[in-house]
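Chain naming follows the written order as A, B and C, and within any one chain the residues start at number 1.
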Amino acid sequence: MTYHINYNFVWLYFDKFYWGLLLSLELAAISILIGAVGGLMLALVYVDGPRWARRLVAAYVEFIRNQPLLLLVYFVFYGVPTVGGFKYGPTVSFIITLSIYSAAYLVEIFRAGLDAVPKGQIDAGKAIGLTPRQRLLHVRLPTMFRVTLPALGNQFVSLFKDTSFAYVIAVPELTYAASWLGANKFRIFEGLSVAAPMYLVVCTIMFAILRRLERRYAVRR
Amino acid sequence: MMAATDNSAAIVRIRGLGKAFGSNRVLNGVDLDVARGEVVTIIGPSGSGKTTLLRCVNALEIYDEGSITLDGVEVGYLEAAGRRRRRKERELSAIRAETGMVFQMFFLFPHLTAAENVMLGLRKVRGKDKASARAIAERWLTRVGLADKFDSYPAQLSGGQQQRVGIARAVAMEPKVLLLDEITSALDPELVGEVLGVVRQLADDGMTMIVVTHEMAFAREVSDLVVFMDGGRIIVEGRPDEVLEKPSHERLKTFLSRLDSNRKRAS
Amino acid sequence: MEVALYSLPFLLKGAVVTLWVSAIVASCSLLLGVLLGTLACYAPAPIRWAITLYCDTVRGIPVPVLILTVYYAVPLLLGFPINNYADAILALTVFTTAQVTEIARGAIQSIHFGQIEAGKAIGLGFWPRVLYVVFPQAIRRFLPPWVNNLTDVVKGSALISLVGIVELMLQIKQVAGRIYVPMPVYIAGTIIYFLINYSLSSASRKLEGRFAHIRE
């Protein structure tokens, strides 16, 4: 194995790490966006919709949340194309997977946030004649966002870390760079020891930004 | 101001007490004697230092200057070979066992029943066995009117009932002085009476008490001494009828009239 | 269908491995996590900083990266190869312990300061306060999130398939790879994981209900 630790290959192929990190960020951004939109819509269905819709959403959320992400990644990449006749590359496959996964976790956060809007505020909105959509846009969502800011931020960072799973289907993100180094140059430890701090730095920056945002916008009722 | 009373009868002696939180001087030289069996009520606007004073007596806060002695023992510091040092946690625990405190927010232990709340100190601090602790707890809970609530959890009790458990928990330890920190301020008005009734009984039975309160009627009826504090000092000190009925000092007059008008406005 | 039935014995064999690995990781991380969580609240500053550093580091690295790093680092640091299973379990434990530490720390710190003052007021010393006032209340705050954490342990165990441990995840992958119709195998796998984790999260919900009478 790597008896003598040798970082030469890491610096030689550092562009893989650099572009890998960028790809990780892109994957996270796209999947979180899709997952957030989907999750918010599902949360609204859950809170405002009929009981059968609520059950469907709950079933979806329960099912996804009890699966290892790894299994979902394989499921979408190896399994689904065989029955659906779909054809997609690993990157698209992973984005689909992470979006579905994100939505399931974000629904919970949005739902709790919507429930936290004081009934009195909604009544006040009704009293001045706002339509349901207006109440949603001007009363409920603003409060919801401020209440859920901490949980949302933490979930986003978590989902960014989950982009690491993409390496198992050879998506060239940051973790894949380390794994590639291991498979082709037998230097997986060196690769990991560079990838790990890169993740750590990015996450630390994200948490710092989150704290600043929380200080300014988060609500403490 | 009254002259210091006969030393031998004073169970709590406060001399020149000073304390600051950061740059905020909360206590600015307080002198007070509390005699055995005496009920002293402290009144004053918020920020006057009255709660801090109370919390210094049982070392929940440590004062910076001056001294408090409880039955001859200095509460915050130890004189050893001419050096004065802050007491360590273990010494403070022993001192706190000799005082009792009832809190505005009750702070009953939610995971214990009423009886267990009272028994905890008896068993772990006084070292009593379960049976005797239980007997003592039941006796005190009965005295505060909660004979049917021995095995109820705090969540199942009303505010007034919880506070009475809090009183029982404090007096079961047979403290030398009982400290009451605005114990009715968090109660609904109709529950205040039951709690004050218990305190009145304890006073009649000779318990030494230092009470911080806004309930002027209570202060008038039960206290032996009323103390008005403002800006970290004692401004006025005297018998209840003197201090409350015929206030002489300007600040005291303003304080009392403000309380009065608030009460009138609220009713 | 027949495919799913064919795969079942292999999957169940894998599930057994998943379960006992999860059990070991859960117990070790429970002991260590509660210990570290307690220290994180009461120990002197250098120890508290070290624990915070540990937790923040784990929180800033993706799970796969962490598992792989520990897995490959341990033999390197020791200088000799160690048992596959032990290495993987160690890696999972490093990750999970950080989570349990945070749960424990949160539970202890959530106890209202007034409770501690009430304990002081009746003369209890430091350790008696911790034992008789803080911990009994903290346990009730600790258990529901911890049982939830158990599902994370089971889900995390799927990652050791990446280092060659044949548990449920790897069984799924291997069996699916042998067959022309992989979907039934994957579906069967998701059902097994669902059953395991759903029972754990139901238990967590029931626990939260049980402690409702200790509302303050």
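Following the convention adopted for this analysis, contacts are C-beta pairs under 8 Å (C-beta built on N, C-alpha and C of every residue); 3 or more make two chains touch, one makes a residue touch a chain.
No experiment lies behind these values; they were computed from the predicted model shown.
*Asks:* Most central chain by CA mean?
*Replies:* Given all protein C-alpha atoms shown, the central chain works out to be C.
*Asks:* Among the chains here, which has the CA centroid at the largest distance from chain C's centroid?
*Replies:* B
*Asks:* Which whole number of Å gives the spacing of the CA centres of chain A and chain C?
*Replies:* Chain centroid spacing, chain A to chain C, equals 21 Å.
*Asks:* Please tell me the distance, in whole Å, between the geometric centres of chain A and chain B computed from their C-alpha atoms.
*Replies:* It comes to 54 Å between the two C-alpha centres.
*Asks:* Indicate the whole-number Å distance between the mean C-alpha point of chain B and the mean C-alpha point of chain C.
*Replies:* About 47 Å separates the centre of chain B from that of chain C.
*Asks:* Return the residues of chain C touching two or more other chains; collapse runs of consecutive numbers into ranges.
*Replies:* none
*Asks:* Going through chain B residue by residue, note those that touch at least 2 other chains and give them in order.
*Replies:* none
*Asks:* Give the residues of chain A touching no fewer than two other chains, as numbers and ranges.
*Replies:* As it turns out, chain A has no residue touching two or more other chains.
*Asks:* Which part of chain C faces chain A closely enough to touch in the complex?
*Replies:* Residue positions touching the partner: 56-57, 59-66, 68-69, 72-73, 75-76, 151, 154-159, 161-162, 169, 172-173, 176, 181-183, 186-187, 189-190, 193-194, 196-198, 201.
*Asks:* Can you name the residues of chain B that touch chain C in the complex?
*Replies:* Checking each residue of chain B against chain C gives 58-60, 89-90, 92-94, 96-101, 103, 105, 107-112, 120-121, 124-125, 153-156, 169-170, 173.
*Asks:* Give the list of chain A residues in touch with chain C in this complex.
*Replies:* Counting only chain A, the residues touching chain C are 1-2, 5, 62-63, 65-71, 74-75, 78-80, 82-83, 161-165, 167-168, 175, 178-179, 188-189, 192-193, 195-196, 199-200, 203-204, 207.
*Asks:* Looking at the complex, which residues from chain C come into contact with chain B?
*Replies:* 112, 114-115, 117-126, 128, 132-133, 136-137, 140, 213-216
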